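Which chain is which? They are A, B, C, D, E and F, in the order written, and residues in each are numbered from 1.
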Amino acid sequence: MSCDLNCSFLNGKFCKDPNLVVVEDFFKHVDAGNTSNKLGSKVTPVSVNELFGLNTLSISLARIDFAAKGLNPPHIHLRGTEILIVIEGTLYIGFVSSNKNNGQNRLFTEVLNKGDVFVFPKGLAHFQLNVGYENTVAVAALSSQNAGVITIANAVFGSTPPISDQVLAKAFQ
Amino acid sequence: MSCDLNCSFLNGKFCKDPNLVVVEDFFKHVDAGNTSNKLGSKVTPVSVNELFGLNTLSISLARIDFAAKGLNPPHIHLRGTEILIVIEGTLYIGFVSSNKNNGQNRLFTEVLNKGDVFVFPKGLAHFQLNVGYENTVAVAALSSQNAGVITIANAVFGSTPPISDQVLAKAFQ
Amino acid sequence: MSCDLNCSFLNGKFCKDPNLVVVEDFFKHVDAGNTSNKLGSKVTPVSVNELFGLNTLSISLARIDFAAKGLNPPHIHLRGTEILIVIEGTLYIGFVSSNKNNGQNRLFTEVLNKGDVFVFPKGLAHFQLNVGYENTVAVAALSSQNAGVITIANAVFGSTPPISDQVLAKAFQ
Amino acid sequence: MSCDLNCSFLNGKFCKDPNLVVVEDFFKHVDAGNTSNKLGSKVTPVSVNELFGLNTLSISLARIDFAAKGLNPPHIHLRGTEILIVIEGTLYIGFVSSNKNNGQNRLFTEVLNKGDVFVFPKGLAHFQLNVGYENTVAVAALSSQNAGVITIANAVFGSTPPISDQVLAKAFQ
Amino acid sequence: MSCDLNCSFLNGKFCKDPNLVVVEDFFKHVDAGNTSNKLGSKVTPVSVNELFGLNTLSISLARIDFAAKGLNPPHIHLRGTEILIVIEGTLYIGFVSSNKNNGQNRLFTEVLNKGDVFVFPKGLAHFQLNVGYENTVAVAALSSQNAGVITIANAVFGSTPPISDQVLAKAFQ
Amino acid sequence: MSCDLNCSFLNGKFCKDPNLVVVEDFFKHVDAGNTSNKLGSKVTPVSVNELFGLNTLSISLARIDFAAKGLNPPHIHLRGTEILIVIEGTLYIGFVSSNKNNGQNRLFTEVLNKGDVFVFPKGLAHFQLNVGYENTVAVAALSSQNAGVITIANAVFGSTPPISDQVLAKAFQ
């Protein structure tokens, strides 16, 4: 049951004998995240890594907390579209379209308040910034059991080891 | 951009010329649902039918409101797993596993409070009941742009025209 | 060979070393089913559970036998469309569409005779009733190696433990 | 309903407005095929080309009739695994595995009688020969709405225009 | 990382602990193939069998070398489309469409020179012949980590054991 | 034939009547790219946008030319893994893994010479730099008919309109 295909081992995760599955396999509590960090935001994921019963089910969820002026910086999900709803507070959000038509990289932005829903299509760079004076809370769902994250600043300027200066200088001129 | 495959027409929905896409294609506001009905609950979907930009993206979302003792009755999503988070209030929820192992239809139940997350695997019958004295609000995400709903009471006992008594009597004895 | 992807372990089933595969991995005999039971019908599946060589191949088959007035009661296949052909006898069959358009749950029915073929789309509740005076035999194919079955009467009224009366009373009123 | 994704146009077929769908969209009668031809066999398909309601549902079916000594000659289905059940008569069947392990092309054969089920994995060359003195009837299901057929003799030696002698001579030596 | 889904075991291949992945998992050198054989051609594959890091990634590559008059004989890839580019030399290539429209098996041919790209759609029989006086080199990519090959001459006339004369005589008349 | 599913319209592209398909639908010539630009490199794609017959076939190809010191700057393919072979010259290449394990963004690099093959897994940022004194030519295949490109420098620092300084300053500190 926790693996659709009658499997005992799938996607690198063990599937349980259906007779041994328990309700806890489908349950997880999520608390407010600690936003005392440089970016002032915290993503608390509920992916297959935290909730085993998601294995093979192509969905996951996250709670995102933002302190005042907190930022979830530009990043890309390799394997999932994100749909986000604001629970409380105000977010300025954006995403950038891909290179189509020679260099077109359009930025789309919006200000979201409580009850607003927004879609960040799979594979596109996007960010969320708390532009209110209060904490902001959002729930995001992703179309993968483990959508993957590439934080662009880290991938390009913070990798281990660093990308060579020759590449970065030429690319970012 | 609103269709991953460079398409102008996909899944029965038109895709826009990428040059004509606007940010509103990805945005939708959701208000509290009106629970003044027999079941005391209201599902407000944000699927591809309400938010065009979800086309081809394999995810959708819904806000679910429950009055005190409100019920989201046993139903099945044909095309999606549901992951739900309680925003406020208390839900008694359950799902029933399929027929495996000769007639095994195990019921799994849980009481969920604020911040609890629960997974209802694709295709299994499930329900949610507000067991608190206050309104309850949940956000549910589904792994399909249009997950489909079969409300079991309606499908079996409320179809148009009705299923013949001979079938129902023998099936439900 | 019995696993398309050069695998030795897939979908929770072991795949054989191609050098060890034998023709019996692809062969299964099916006898007439015993219909001496309350419903007067018997489904004899040939899924990946009975025929190992189906692993990863997205198809399975079943023989369905009906005594006079025998019923295959309303049920749902989670993971497969069914296409059925009547080999001998007469069936009254039906399926119910999903909730689209506010509570629309249309029942579609037909009487099938020898040589008639009918499609039950994936995820929709359907049934088959022998309305002749003789035994009826049908062959059904399903678009999954293990399509899964939810017999609605069992899932809703016969689960272990039972669904609470409060939920059932409100849902079925 | 005849297209899972709320579509009006998919896979090159129009999908109907759900309000206009009728039960005939899911129904097709199949008669015995005429085996008065050189091969002494006749395949009568029920694919999306014959039964519109199969669109997007990943399954189709065929009735195969064989006169005494009739042959369904070596062929390949591009897009589907075949699972076959013998309804009456006797078939000698076989399939050939692919090139794995340098030139290994193992032939697997079996004699099938009434009630025997056999799987021909997707993409492998296979044939069926009536080795009884009576007509034989089989039902085959395929894991595609339109599995495609390549009859090897036609593709290699009977194409229009023919493959050049230089290629055929060198390939078949 | 070498398995997208956070897995340690997928598609029958072990996935590495991401902390143990090394750059060699993504690297392979390919030399010119030895064409001193009866067909005068040599395919050097870089599939998941040769390059572990391709696991789950749905692509592979091959270098194909042809001596003068060398032939890559009619064959079918079960699981992949091929796109080929000529690096040096001249090829006469062709593929045959499937049986649609009663026995239509159209042969499509072309002569390719350096820089020419050609697509052989998944599942269709195709061949490549060096029609120049010099060695020819091509690079082919396939839309599968392990596309599979059925060399038609081997599958039909060279299987182990052979297909019975009764079948072959009737099929090829 | 140029659309697998018997379609006349799929993925936003028209499919031809199989009787009207011609060999040119599968053929495209690719010349050396002009590298006289700031980056000193040129990608010449053969995707479904350039070669119609690729529609629905999940693969495409590109020729990449590099002048001395030419760079194909850090970019991401949304929908495809890339497998690359060096035809002539020398490339220094790299890719960065995703965020797994708290901020781990490992850089993997290699120097590739003629005949070397390298895999850039789907969704990961990667680059290629000509470190030789001569022109370099590579052929890359991608596991999508239209893999999509996000050039990171353009997406983050060159979008239209630009991403706000408040976001960039906080993200890149």
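Rule of thumb we're sticking to: a residue touches a chain if its C-beta (ideal position, glycine included) is under 8 Å from a C-beta of that chain, and two chains touch if they have at least 3 such contacts.
Bear in mind the structure is a predicted one, so any value in this text is a computation, not a measurement.
Of all residue numbers used where subunit A meets subunit B, over half belong to both copies. The two sides are thus made of the same residues.
Residue contact pairs shared with C-D exceed half only for one pair among A-B, D-E or A-F, and that pair is A-B.
Chain centres here are Cα means. That of subunit B falls 24 Å from that of subunit C. In this assembly, the C-alpha centroid of subunit C lies 45 Å from the C-alpha centroid of subunit F. Chain centres here are Cα means. That of subunit D falls 38 Å from that of subunit F. For subunit A, residues that reach two or more other chains under the stated contact definition are 4, 6, 9, 78-79, 98, 100, 104, 122, 124, 148. If you check the complex, the residues on subunit B that touch subunit C are 38-39, 71, 73-74, 76, 78-79, 92, 94, 96, 98-100, 103-107, 122-125, 127, 129, 148-164, 166-167, 170-173. Those residues of subunit C that touch subunit D in the shared complex are 1-2, 4, 6, 18-19, 21-23, 26-31, 46, 51, 53-54, 57-61, 63, 80-83, 85, 87, 97-98, 100-101, 104, 108-110, 112, 115-122, 124, 139, 141-143.
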